[in-house]
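If you scroll down you'll find the structure; I have some questions about it.
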Amino acid sequence: MTASVNPILLDVSGLNAWYGAAHILFDVALNVRRGEVISLMGRNGAGKSTTLKAIMGLLSRSEGQINFLGQDIAGKAPFQVARMGLGFVPEDRRIFPDLTVTENLETGRQAPRQWADGSAALNWTPDALYELFPNLGRMQDRRGGQMSGGEQQMLTVARTLMGNPLLVLLDEPSEGVAPVIVEQMAHMILALKARGASILLSEQNFHFARLVSDRAYVLEKGQIMYEGSMQDLTHNSEIQRAYLSV
Amino acid sequence: MSGALLEVRDLYMAFGGVCAVDGITFDLHPGELLALIGPNGAGKSTTFNMVNGQLRASGGSVRLAEQELVGMKPRAIWRLGVGRTFQIAATFASFTVVENVQMAVMSHQQQIFSLWRPAANRYRDEALMLLKQVGMDAQADRACSELAYGDIKRVELAMALANNPRLLLMDEPTAGMAPRERNELMALTKRLVVERGMAVLFTEHSMDVVFAHADRIIVLARGKLIAEGEADEIRSHPKVKEVYFGNGLTFEHPPEPAVAARIPA
Amino acid sequence: MDLSALLAQLLNGLAGASSLFLVATGLSLIFGVTRIVNFAHGSFFMLGMYVSYSLIERIGVGPWRAVGFWGALVLAALAVGLLGALVEILLLRRIYKAPELFQLLATFALVLVFNDAALWIWGPEDLLGRRAPGLEGAIQLFGRAYPSYNLFLIVIGPAIFGLLWMLLTKTRWGVMVRAATHDREMLGALGVNQAWLFTGVFALGCMLAGLGGAVQLPRQPASLTVDISTIGDAFVVVVVGGMGSIPGAFLASLLIAEVKAICIGIGTVHLAGIEISFSKLTLVVEFLIMAVVLVIRPWGLLGRLQATSRNSAPVEAPLKPGSNWFRMTVIGVFLLMAMLPMLDQSLPYAAVLGQDILVAALFAVSLHFMMGPGGMHSFGHSAYYGLGSYGAAILVKLAFMPMPLAMLVAPLVAGLGALLFGWFCVRLSGVYLAMLTLAFSQIVWSVVFQWDAVTGGSNGMVGIWPEDWLSGTRYYYLTLVLVGLSVYALRRFVFAPFGYAMRAGRDSSLRAEAIGIDVKLVQWLAFTIAGVFGGLAGTLYIFSKGSVSPDVISVSKSVDGLVMVLLGGIQSLTGPVIGAAVFGVLQDWVMRATDYWRALFGGIILFLVLAFPEGLAGISRQIETLWQLYRPAVGVVRREKLT
């Protein structure tokens, strides 16, 4: 079964968002199907992170339809959205520095989930995550604040997975970390995908995005300018030049 | 080496017994863009902060045109002609663009403690000239808080130029920018370096930027300098590959089949 | 003092530390998680005393009195915790996104409301609690009688500390609380309902305060002044220990209670012919400890640098020189003020109120100078007001200085005070700086309060009037001119390079230092300038009233200034003047309207905070923002009509 015939998990349409009086997003529409990895691309300030935050309910002012698993989640508080099975990994890591690795994972823990058809969703335990991120397994009692940037990046993903999300929103995973860590992140995303996880990520690094994703949306000044398969985007140098300034 | 503007010798820093920077040595010449790269936590920021005086080195020396900088306050080092930009661009959010640069010029002209005549018209022309050099003169009277991030970076650069620096320290200058903006900013920097005979020391995670714009590269890992040289030498350096680059999949164009193979159907 | 007396005093100190710890740790916990500095925490302590008093009078008598007594302590704590939960749900939830200082203002309004509520319910008399059944007597320790109830107090502090520690480290709830201390928004995005977490923490903190009050009742009568004195002590403990650190609060409460106890034990000592009263020092000693600790360890004994809060005020707009319309308005207001004395037939009171408002405006503008452009929040600006007024009084009364000269010198005295205190304060930032300013104002207050021979102690000083040729209406005009000139000068400073440097240091001290601005020096000078003009306000005040009492240096005087600045809107240069005027008129009206003016005044503040989180001057901006949101829609409609 290919991803394109899988059911739609997240369906966003007519999404508008503001920071203060500044209008940032204009009628953004996108969808994610089960099992897909989707990249939301565009330059800095194009509205990628804003889109993810708006979906998550983290903005004080946004409008539009955000349909997740057939339910409208627009206007819900972030914790309610998270409890419905949307996991969010922020761009600036935001791990809890005073808490140990184990405690950090504990903050993300939610009960196991089922899909609508009754089948069990991926169910993560600390041990399973330590297997996926061997580095973390070796430092379970270390405080978050004493970890390197790359390790924190792994921890923030693991913490979100503890909520057994049905869809993960991953904000700029490659920003500000060494290339070798970016590569690990790519491997990690591919490993999750192989287990059937669905991911919507915002990304500026075109090389990274095309390594990991099936489809892409390109944002410019808060509007979707392009959508299509990653393969098509790879060959569309016009779009790349115009909006990704590659 | 003779003719170096900045000479760093056996620089050493320990925090509570943990060694953050372990005896690094390098030179920087006028007109040169030197990239300082390495994994997170390798000691890049610490090195930076020792050069500009924010941290006092536990050992070693930093000399700017023969003058020892270790032990001097950041302000004093600034007055000697060392400018700096920050990883997260820091401008004065409640100022207009031109006021930000005017502030830097007023400080350079030692007018901070002037209490009466309004600041608005002081050195406005000088500030506009500096803004013109970074291509921001058209937005001079906008509030800084409304600017796009790439533009804030340019304003920051104009501020750093206000005291005619001989050395510019740039901490991840292109972080958070799109590829084209990155190249534009670094090309601008290179032009200013040549025009003004400055030198630039910068840290950077974008290898595209480093390979395209740095004249020379030094690599730190765990506080030690593990490699030094031009782009090609560093690119193929096995140790640097191991600790920092990885396979280069995420910053260089891999051959097409490799991509296809990596993405499961 | 012999050894046994010293030991007894040390034990007294331990007993005192427990109650202090209970109230301080609640404050610290609440601040850590919600980032709200709960000014009303002392009020919860006070309510704990009153509620347990009432409960004990009801169920702590008769044959079951032992059960009743101890049950009453627990019930009182629970009741106060419940009240805390209500306050959190009804009030604080609405203002978590407001700027820090507004939250402070709201909790201060609660202080006023609770105080009048207690006055209404329990009356103005102090209420002495019953002794604890089974612990009425004394035991023999080191050959001295020692109250056995103190032993209970000595145990309860460490016991609660241990329980809290277990709660925070061993339970999931505790892990969540510690996580929320660092980043509550992130915790929400992980699926944690922070609203209930906050309610829980606030209720727990209030419950601890209530318990602290309840267990203190057998030692100290419940009174209406307990709230402010307790909050002062609790602030000191929390700041010395480190904001948000519970072990820090424990350590600090021990340190402060012991040093106080030792001071009492030492009593009066003659040293080289000078009489030093250590027991009188107790009023000041905790603030001295705080000042010393903050200079050595700026974030407290066990505290750490606080991450800047994620919901600070919106970015200030660039400064614009006043428009012609603005200048005309200012001249118009000035002329109106000048006409007030001519109304002495129809409105004789207008000039008196005008005089008060002028002084208040200068006080507020000087405070705003350091808080707004300077970014240094002060809870202790009354120190300079007090130094200005007492300085003038002493110069006239004891140094026999002519009044005009005294008017010139007294603000400089205040400036000297600000120069000294400012040197310490500018080393810190944020809440810590604010607490240190509070500490210094308390030190000034204590010195004035206790130095009977010079300051007249609690009676204050009287008979300080302007010289004849400057009295009456002339003094009003002198005030008008001096206040006008001062406000103009402070405005010039803000528009000059110095004011720009102040704002630069506030916006980004990192960047300011990197372009060669000595941020600390700029702040120090700004602090001193604010002190001089705050002092001038105090000087103008005393010659208009003829007398002065230590009240002018009290915490509530400082808070008055804060209210004025925040009412007017901290981001606006005209804000403090508007705020002072509104405050003056409101206070005057409210105080005449009812005996429970504090509660009414608190209610008004709460209403204003909830309705206008950007201050009164911010109203125009709120309208403007609404207009901007509305305008594009209008534009669209118009365009549609055209096509």
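Points to keep in mind about this one:
Which chain is which? They are A, B and C, in the order written, and residues in each are numbered from 1.
In this section, a residue touches a chain if its C-beta (ideal position, glycine included) is under 8 Å from a C-beta of that chain, and two chains touch if they have at least 3 such contacts.
Note that the structure is predicted; figures quoted are calculated from it, not measured.
Centrality by C-alpha centroid: the chain sitting nearest the overall protein C-alpha mean is C.
Distance from the centre of subunit A peaks at C, each centre being the average of the chain's Cα atoms.
The mean-CA centres of subunit A and subunit B are about 31 angstrom from one another, to the nearest whole unit.
Note: centroid distance subunit A to subunit C, computed from Cα atoms, is 44 Å. Shown for subunit B are the residues that touch two or more other chains, of which there are none. Contact residues on subunit C toward subunit A in their complex (touch as defined above): 97, 172, 175-176, 178-179, 181-183, 185-194, 314, 625, 628-629. Listed in rising order, the residues of subunit B touching subunit A in the complex are 38-41, 146, 148-150, 172, 175-181, 205, 207, 243-254, 259, 262-265. Only residues 2, 22, 42-45, 148-150, 174-184, 186, 190, 193-194, 204-208, 210-212, 214, 230, 234, 244-246 of subunit A touch subunit B when the two sit together in their complex.
Across the interface of their complex, subunit C is touched by residues 52, 74-75, 78-79, 83-84, 86, 90-96, 99, 102-104, 106-108, 111-120, 122, 143, 145, 156, 159-160, 162-163 of subunit B. Looking at the complex, you find that subunit A touches subunit C at residues 20-21, 56, 58, 60, 77-79, 82-83, 88, 90, 94, 96-99, 103-104, 106-108, 110, 159-160, 163.
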